[in-house]
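Letters are used for the chains, namely A, B and C, taken in the order the chains are written, and counting of residues starts over at 1 for each.
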Amino acid sequence: MSLLAFSDFHLAFWSIAVGCVCGVACALLGCFLVLKRMSLLCDAVGHGMLPGIAIVVLLTGTLSSFVLFVGAMVFGVLTAFLAQSLSRFGTVSEDSALGIVFTSLFAVGVVLLSRFLGHIDLDPGCVFYGLFEFVPTKTFILFDVEIPETFSPTLRELIATLVEVPEAFPTMLTALVITIVFVALFWKELQLAAFDPELASAMGYNAQLLHYLLVALVAACSVAAFEAVGVVVVLAMFIVPAATAQMLADRMRPMLLWAAAVAVVAAVVGYWLASPWVFACNVGGMIATVLGAELLLAVLFAPRHGVLAKLVRNFRLTLRIAGEEILAILYRARENQTRVDTFVLKDHGLSRFTIWLALVRLQRQGAIERGASGWQLTDTGAQQAESLVRAHRLWEAFLGENFELPLDHLHAPASRVEHFLGPELQKQLAEQLHEPSKDPHGKQIPPVHEPQMHSDKST
Amino acid sequence: MPILDVHDVTVAYHRKPVLWDVDWTLDEPRLVGIVGPNGAGKSTLIKAMLGLVPLVSGTVNVFDQPVANVRRRIGYVPQRESVDWDFPVSVLDVALMGTYGSLGWFRRPGAKQRALAEKCLEMVGIRDLEQQQIGQLSGGQQQRTFLARALAQQADVYFMDEPFAGVDAATEQAIFQILRHLRQQGKTIVVVHHDLRTVPRYFDHLILLNVRLVASGPTATVFTDENLRKTYGGRLSILETVGAAVQAQERTP
Amino acid sequence: MIFWDWGSLYNVFVVLAGVSLLAASAGAIGCFAVLRRRALTGDALAHGALPGLCLAFLIAGERSLPILLLGALASGAAGIGVIALLRRWTRIKEDAAIGIVLSVFFGSGVALMSIIQNWPGGSRARLESFILGKTAGMVRQDVYVIAGLAGLTLVVVLLLYKEFKLVAFDPSFARVQGWPDFWLDFLLMLLVALAVVVGLPAVGVLLMAALLIIPAAAARFWTERLGIMLILSAAFGVLAGVAGTLVSTFLEKIPTGPSIILAGSLLFGVSLLFAPKRGWLARRRENARQRHAARQRRFLSVLYDATEPALPHCVPVPLAQLQAEPAWTTRQLTKLLEDAQRKQWIEREGDTLRLTPRGLEHAGQTARNERLWKLYLEEYTDQAVAQLQTDLPLLESVAEPAVIDALARKLKLE
């Protein structure tokens, strides 16, 4: 017998444990689903397995039997199979086929549940939003222990909690173990199938079999999780951690680890936010919300693929281009002995602010200075500018030789491309053009300088 | 007044340039062929002229105006694979779509439009199929349907993307006859073409394209071994390298 | 239980009117969604509507259908926007984006709903009815709202029928013609959103997608014309809606949403199996007919080949020679023989058979056509492949006379 009838600690511990185990199992599978673009199939399978559950519960009268897995897997695979057959033999487009099959099966499931199972502890409501709160309340005693009175109360509570396991937990743990074993066993096949299913088939792997195995596992994990969070939130547990991980990682292994971590964080934070101390609301819904928030953070702040990182990269490129344009203008001005006071760079779409910022930056770098005779290049600035003008004129020479372009059309393309021609490309160009000394307009192509001037240009 | 003016057009997909600085002007009505190897950007050039893909740089003018202002004077035959042929419309429906531009908002095609569409179907030789669903047609008949739709646009400039791809010889001849007929009426037709054997017979003006414009002008002067070698002799490797460098650094859209 | 009195009968009519209207508009607009391959976007829209419903209730503080639907529409549209943004700005693919919006929006809606229910008076919101659909509570005012929205959808579809058709079929052609394809597409999605939102009270969030997809997909089996498909789809929607509502009204413990969907599924199943031409049975029959015709051609060719050396006499051909052919099974051969005898192409004489004059003419033509085609495929491969049809029509009907002459001359030489 339990010493404390479901203390807060017991509830919290097992709720979070359940959330983590389900979440990690779903997240691991989710990575492959997202990469194989099976997200919507996953949604369909999650819905379509409902009649399987209903039938099993109808026959056995309980929700915690392992037969439930079988029922769910059968109907999950059936969903995928029916949708595939419908689009192949029934001239129905793939997405419509999926939609028709899963909604129909789901409707059958709901009717079965509401018509025949009203009296059992599986009401339709639970199917949609899950009853996370009740999962830890149906428990069994793992083994009877006599907890010595000499232990501290905290320790006693911990032990009491650990031995009193929610009925659903072994099922969920099994799902997790199966998933991990599956991923480990089929590691390279899964990667191959996610990357290039046709190649996988050509190499003799049965991609179709793997596909249905994956579908069956999705059904298994869905059924393990659905009592807790409901059929829709399960989808969030599959897809969102994987999508978040995709924003953060570029390879498979880190992606799986990130996805698992995201799932664990969502389980813990979600439970805490949903607990009576904060919002007192549905746990599954809150977990999905937290998952969404995690994804939002990743989308915004991911170091390489995040929106912010992209904006910063773009702005730095713009700033660099502005700076280089300024240097080039000053260089040409020096060639033509004209005076420069203001810069207008409309054809590059550069705003006044960007130009001002670029000017400040160049001044700080000591590349330009403002004297009595307007803006001037310093020696370092002149070196940088020379490289840029070299790139520009080399490209003009290249265009002149290989493109059908009139002479007066060379400048604009060259001023777009010049910013991307580092020393290495310049060398290649010069070699291919047999080290020209003049561009098509007859202007001098500056000779090559020491490589350090392009240092801030390397990718 | 130039009919078509492509000014320094560069187009990029996923930041990688697929068309570099193409500059080309057409002053007289011509039957123009765009020729080049696979992946040379032939379709992209047509789409750029039609305003269907964003330009990284450059401008396109048709009759001295931006394309958007002269839509009524433009006809288009897209690639056959670009639509779902199982779509529930009949051949006549598709031909009628060519008249939608002149109809404007809300108005339905009436007897006049119907007569025009039927005349166009007659011209391409599939009048008897007008009630068929488009999926039941053969490849050649589908291409003829698209051509009829373009004819129903009653345009001054036609753009056609691979109209001869995967059609039978009879259809190819029929299409060519129609192109010539249009040309005689003083229309301009720009055709993406893949079959070098028929080039000198079909076109009086040529664009040789391989990512960049290799040569353009009257077929007689442009269609030379030297130019073809330049066009089909592989990419300029340096262009590929620079393209990759641009892709790696360019601003994300 | 339903008690038969005027009041409840009146209620049933009100509900049926509402359900019919919304099913009709969902069915019609669903055609475009299905043809545009946007079927599951409607699903995402429906799920995405839930948090909006809850927020609208929180703001309005009471259960007023127009405000709730407005909230649902706004958050459904936001969901579609998020899908577009995720696709545009991140490496997340469309299917994952749809899944994310669907589940996260729904999850946050569920969380909000449970908060509302814990509030004093919150349970009066009966927001759960939006998840599975509950038509019983529909009152006359609700039907007015539904009728208004359904009517709006109908008017827009009627007005812009031509434009929608064009954009759904070939968006890039539409753009070349100067139509604002992006905005037309957007309007189409907006109408889908409207249909979804209107459908929520009846079939609920979870099954709304079905009301968009199933009638349209079923209607597609019966017709090759978009206009007819729209009308049929709307009619199927109404049929499913009415049947489903009645079943759920008269049978206990069957929620409206699933029962409407199952009625629709039944309609779809019937269409899938029995529709003329596109239906599964019809296509099976057509395939069988074509295979039989092909075997018959082969049968005649074999007979002709065996007869040819002794022409103009029709020598008997041993049955064993036909049985040795791998092109058919014994049963199929029996059927071919019976067929040929009935048409008086052959005469059986014990273990041999002989072509009749009538049969000879037919077999000669078939054999010649088959040989011409074979040669045609060898000599004019590209052209021939483009014209090849399963029923192998007479070459004269597809190829030019000059080509046929050349081929025939070649045949003679061989």
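Simple rule for what comes next: contacts are C-beta pairs under 8 Å (C-beta built on N, C-alpha and C of every residue); 3 or more make two chains touch, one makes a residue touch a chain.
All figures in this text were calculated on a predicted structure; none of them were measured in a lab.
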item: Leader among chain pairs (count of C-beta contacts); value: A-C
item: From chain A, the most remote chain by mean C-alpha position; value: B
item: Rounded Å distance between chain A and chain C, as computed from the means of their C-alpha atoms; value: 34
item: Distance between the centres, which are taken as Cα means, of chain B and chain A, whole angstrom; value: 39
item: Residues of chain A engaged with two or more neighbouring chains; value: 91, 310
item: Junction residues of chain B - those touching two or more other chains; value: none
item: Per-residue overlap in chain C, given as positions that touch at least 2 other chains; value: 220
item: Of all residues in chain C, those that touch chain B in their complex; value: 35, 159-163, 165-166, 168-170, 172-173, 175-179, 220, 223-226, 229, 380, 382-383, 386-387, 389, 400
item: For the chain B and chain A complex, residues of the former touching the latter; value: 7-8, 10, 20-21, 23-24, 56-57, 86, 212-216, 236, 238-239, 241-242, 245-246, 248-252
item: Of all residues in chain C, those that touch chain A in their complex; value: 34, 37-40, 43, 47, 86, 89-93, 95-96, 98-100, 102-115, 118, 128, 131-132, 206-207, 209-210, 212-214, 216-217, 220, 253-255, 257-259, 261-262, 265, 268, 272, 278, 280
item: Residues of chain A defined as touching chain B within the complex; value: 91, 310, 313-314, 317-318, 398-399, 402-406, 409, 412-413, 416-417, 419-422, 425, 428-429, 432, 459
item: Of all residues in chain A, those that touch chain C in their complex; value: 34, 37-40, 42-43, 47, 86, 89-93, 95-96, 98-100, 103-104, 106-108, 110-111, 114-115, 118, 124-125, 128-129, 230-236, 238-240, 242-243, 246-247, 274, 279-282, 284-289, 291-292, 295, 299, 305, 307, 310
